[in-house]
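A, B, C and D are the chain letters, set down in written order, and residue numbers restart from 1 in every chain.
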Amino acid sequence: MAKIHTPAMEKIEKRNAKRKKPVKSTPTTESWKRFKRNPTALLGLFVVCILILVAIFAPLIAPFDYQKQDYASMMQAPSMKHLFGTDQFGRDIFSRVIFGTRYSLVIALFCTIAAFFSGGLLGIIAGYFGGIADTIIMRIMDVFQSIPMIMMAMCIVAVLGNGIPQLVAAVMFASMPTMARSNRAAILRVRGSDYIESSEAIGVGQIRMIIKHMIPNAVGVMIIYFVGFLAVSIMMMSAMSYIGVGLSAPTPEWGLILNDGKAYLTSAPYMMLFPAMMIMITCFAFNLMGDGLRDAFDPRLK
Amino acid sequence: MENLIEVKNLKKYFSTPRGELHAVDNVSLNIEKGKTIGIVGESGCGKSTLGKTLMRLHNATSGQVLYNGVDIANMPMKEFKKDYRSNIQMIFQDPYSSLDPRMNVLQLIEEPIKVNMKNLSKIEIKEKAQEMMELVGLAKRLENSYPHELDGGRRQRIGIARALSLNPDFIVCDEPVSALDVSIQAQILNLLQNLQAERGLTYMFITHDMSVVKHISDDIAVMYLGQVIEKCPANEIFKHTIHPYSQALLSAIPIPNVHVKKERMILRGELTSPINPKKCCRFVARCPYATEKCHNEEPELRELKTNHSVACHYAEKFM
Amino acid sequence: MLKYILKRILYLIPILIGVSAIIFALKTVTPGDPARQILGNDATEEQVQEKRDELGLNDPVLVQYVNYVGGIVTRGDFGDSYRTGEPILTEILPRLLTSAKITLGAVMIGAIIGVLLGIISALKKYTWIDSVVLVISMFFQSVPEFVVALVLIMILAVKLHLLPATGITTWQGYIMPMLCIGLSAVAGYTRITRSSMLEVLGEDYIRTARAKGQSEKNITYHHALRNAMIPVAQSLGSNIGNAIGGGMVLETVFGVPGVGKYIVDAITQRNYPGVLGGALIIAIILTLINMIVDISFVLIDPRLKTTIISGGAKKMPKKMKAA
Amino acid sequence: MSENILSVKNLVIHYETDEEVVEAVNNISFDLKKGEILGLVGETGAGKTTTALGIMGLLPTRVGHVIQGSIELDGENLLEKSPREMRKVRGKKISMIFQDPMTALNPVKTVGDQIAEVVLLHERCSRAEAMIRAQKMLAMVGIVPERYKDYPHQFSGGMKQRIVIAIALACEPELLIADEPTTALDVTIQAQILDMMRKLQKEHNTSMILITHDLGVVAEMCDHCAVMYAGELVEYGTVEDIFDNPQHPYTVALYKSIPSLDKDVDRLHVVPGMVTDPSNLPSGCSFSDRCDKKGDMCNKHEAPGIVDLGNGHLVKCLKYKPEVEEK
């Protein structure tokens, strides 16, 4: 009796024949393979790369100085000269949005890094040491969590005043409980695994354990949180600037540009359209990428 | 005969929200050099905890573990790690989860050498790791493979190589074959036996499988709810079991032979809770012969014959 | 059960002490002298000092804190508004109802749409429907609530004149704020529902139900859904928190006289007691809500009920499982 | 001899994913007589569970495909039935017990509800009647009927498996498939459960397929035994045939590699190599790479056919087809 050959088998044989040699399979290449197979994730990555390039080369891309006021051309609708139109001071919105990429991305990055170094670190400490340290840290986080994140951030900015460092501090404090919780969970999952115990048994010391075993295994999940939080902080930041808390004019941050256009919603909606689109595209890209990373690092979650 | 390991009144309690869990309760054992002691029991009887306490993966609540006469259970962790960690090693139950998925075979086997023998050069470490791979029967081409690419038998060989690379003389084998298929199980058991013969290793072999433990052990200790209830040479237990629990355990094993129809002793109920146990025979709730005395007094492990001890008030009756 | 509720209520105390401490800490680092704020710039230094004594601002910090908490507990005194001189509580109380309505509506909209989408995408996993649902919900997650609000205002109010752009003088005024907050929460619910539904559908007991000859529909609704809802319910507390936070921004956008707008106004007017008092009140309410969510959980999950009634977790320490 | 209740013919089941095709079951045929117990033995990846799921019509959707063959229950081909018709068969005519009792019960429903559910699905009766039946079933498997209101987590592992058995037997099925019913349990509990299963099987004259990797369990419970390797049925016969007179090299090797309680051997017999990967089968006989009696033809010839050694003792090995080797 011959073995059965099915169309599905032929398809795979054909594909295998095309492949020159088998790719070395390490956990990292496996993750990358899964990420590559995910078109939406790749799209997210692509958009993020473009945004980064835009931020770096903002002065080359922007046709005008983002703060140059030109009273001769105020409130112009989008045209070839002013792609996104101009605002009530005659500033080129396109240039402002391009420079806004710089501000928004950099501030979001600062916020996220700060959040990781405060809440994230606390979570890692709580997860790694456990016991009394864990209890104390997590109880404090419970307290922080009872104030909604954006409200906490606004209260802090209200007290500290507007400005980039203040904003970063506010986001950092406000995000502490969420960050701590998720990083703690990431560490706990690794810490509870058998390979940590088996490494303990062969005499691996604490430092090597953290560097060689725990971080490499937890880092995937942490990257997911990191990317996700970039989107969160951009959204928080723009919402705060929009209602006038956080940054102050004339910084070309997207939320602030929106704030400028607030009064002209009905007469000149384009003033808000483009910055709003930028916020949306950026957050969407980060979220798509984060989602792809989640599937790539942790296929069980899908 | 020389005892490599002497366990004296070892206790390991865990505190849980519902009370103290007596995982290992007053266990005493002697393990002779070059021999294998088998620890059998059902899940929750504390056999793994016993192994991990010997390894100092858990700190003992009280009692002593003498290694060549030195108490290793109560010495400072630092000293233990420095002087004794290499001598006592462990092979883990689940070869799927006990290897770091982000390391390849060579890295996994190099790790114990790297950590414990700091005076070796990189090349020497690699050479030693390769030597270990050969010893446990892992082909050289697998060096750069990751655990997820290998089958259970090979992963367990990695686990064995990791343990052996430190030249230990005592190895705790915690259910090393229970996650493996029957045909692979035989490969690993033979490997362990060959290594023992070549290197004069001493094993503590923890398992729930009576036939495996009988095959590989010289002495057997049966555990029930944290206590050793019967201790004797391997052959003896299958011919002259004394404790009612051991009898039940043996009679419960299905024999792959159609002509042997065993008289079966079916126990009532299931394992009782090891949390805050009362002062009585631990087996009393399931024992068909339990009397008033069993409910009130905790039996001690008594030597009835040479090398055969039983913890039962009425042991003589069952002899 | 009663014991558990009592325990849970006792657990509130340290949280509330902590929250009030955070707010108090912010209060003490607040720029400006409250005494001068109250008296105005014309007051003399002596008058200010006198006022400071009166307000207890010259006492040690700890005494100030104790007085602060004492004032809250005994008199409901969250401080007085710099702007109007009225007690914060009297100013906020009438606004609470408005905010509560919006928050509740938003959470319901978000939860209902989100859970439904989550179920659909779990049942249709790996098909185009699943992808579309996920992309749409992620899209709404990526758009700040206030942008959604602006778009809705443009379309529904300015162009179509269907709904009022701002204010809540009629019931229609509530629709847009609720919708905006609700939509941004949809993604969260969809994701949790989908993943927990998928996990549950892969469980052995679902296979058992299939082996019984149960239909897929009944398996989904009778066996899977209740189990899958446990993590969704768990996320409810933090989602309410997010909705309240979102409400702050949106009440401002829509000009809704709720607590959120009150706090934002207080921020722009540098009315610090208003900001902090408002935040504290919200925090207290949120803590209470979380407690209620926790307690109602026990009612969904029988496993929790037994462990709680038998007084303690049944789980052994992780390391014991291997033994 | 009594009639066949189940007859599986030339069954082939594949799992197809984007990455690979797993040939889980390769052309197996066997019959099960009424009131008999058939043991299905084999290692991981041998296709035991897949066969069972195939019979139940519960192969994972999209991935699992029956490529060919027929499964006849009482003369009706189950593979031709619509999903709706299959639902009427499952739970009523065929029941299945799964390996892990800890997860087989819905944690948020009382055990009484879960037993009553299957009764309500297949029999015309009221909820109250179904509940009474549920309590009777609990009593039958040795659980106090008053505990029908309890939730699964309030029972221990052995008790849960009893409840799973109660669910499976509630509608008095003609065929019971037990997939490693005691593997997750301790040996003393296993003895209790097997004892009870045997008793109930005798009382109700249920036919049964018992899937296990434990030859001891087969020897004790079964009338016939089928040994599977890499999706193929390599040997089939009465338990006496298989245990006293094993013929396939794999069966023989399997015996020798198990440590025995009554014999002392210094070293176990070893089957070399790894368990054959069903997504990457060798040409010819699947066991050929590990076989110690391998001949020249084993890899070259197409998969060996089945040889009847008499009295229905079937073996799938070229050893018993000398004419092939001469060719």
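Simple rule for what comes next: a contact is a pair of C-beta atoms (placed from the backbone, for glycine too) under 8 Å apart; a residue touches a chain by one contact, two chains touch by 3 or more.
Which chain is which protein? Per UniProt: A, C = Peptide/nickel transport system permease protein; D = Peptide/nickel transport system ATP-binding protein.
Nothing here was measured: the structure is a model prediction, and the numbers come from that model.
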Chain whose average C-alpha position is farthest from chain B's own: C
Between the pairs A-C and A-B, the one where more C-beta pairs touch: A-C
For chain B paired with chain C, centre-to-centre distance based on mean C-alpha positions, whole Å: 52
Computed distance of Cα centres, chain C from chain A, in Å: 23
Inter-chain centre distance, chain A versus chain B - centres from mean C-alpha coordinates, in Å: 48
Between chain B and chain D, centroid-to-centroid distance (C-alpha), Å: 32
Sites on chain B at which at least two other chains make contact: 43
Two or more partner chains touched - positions in chain C: 314, 319
Interface hub residues of chain D, defined as touching at least two other chains: none
Interface residues, chain B side, partner chain D - complex: 42-43, 151, 153-154, 181-187, 189-190, 193-194, 208, 210-212, 214-216, 235, 238, 248-259, 264, 266-267, 270-271
Residue numbers on chain A that touch chain D, as the complex places them: 1-4, 6, 8-9, 12
Residue ranges of chain A in contact with chain B within the complex: 24-28, 30, 193-195, 197-205, 208, 212-213, 216-217
Chain D - residues contacting chain C, complex: 56, 58, 62, 86-92, 95-96, 98, 100, 103-109, 114, 117-118, 121-122, 151, 153-154, 164, 167-168
Chain A-facing residues of chain D, complex: 12, 14, 16, 19-21, 23, 26-27, 65, 67-68, 281, 302-303, 305
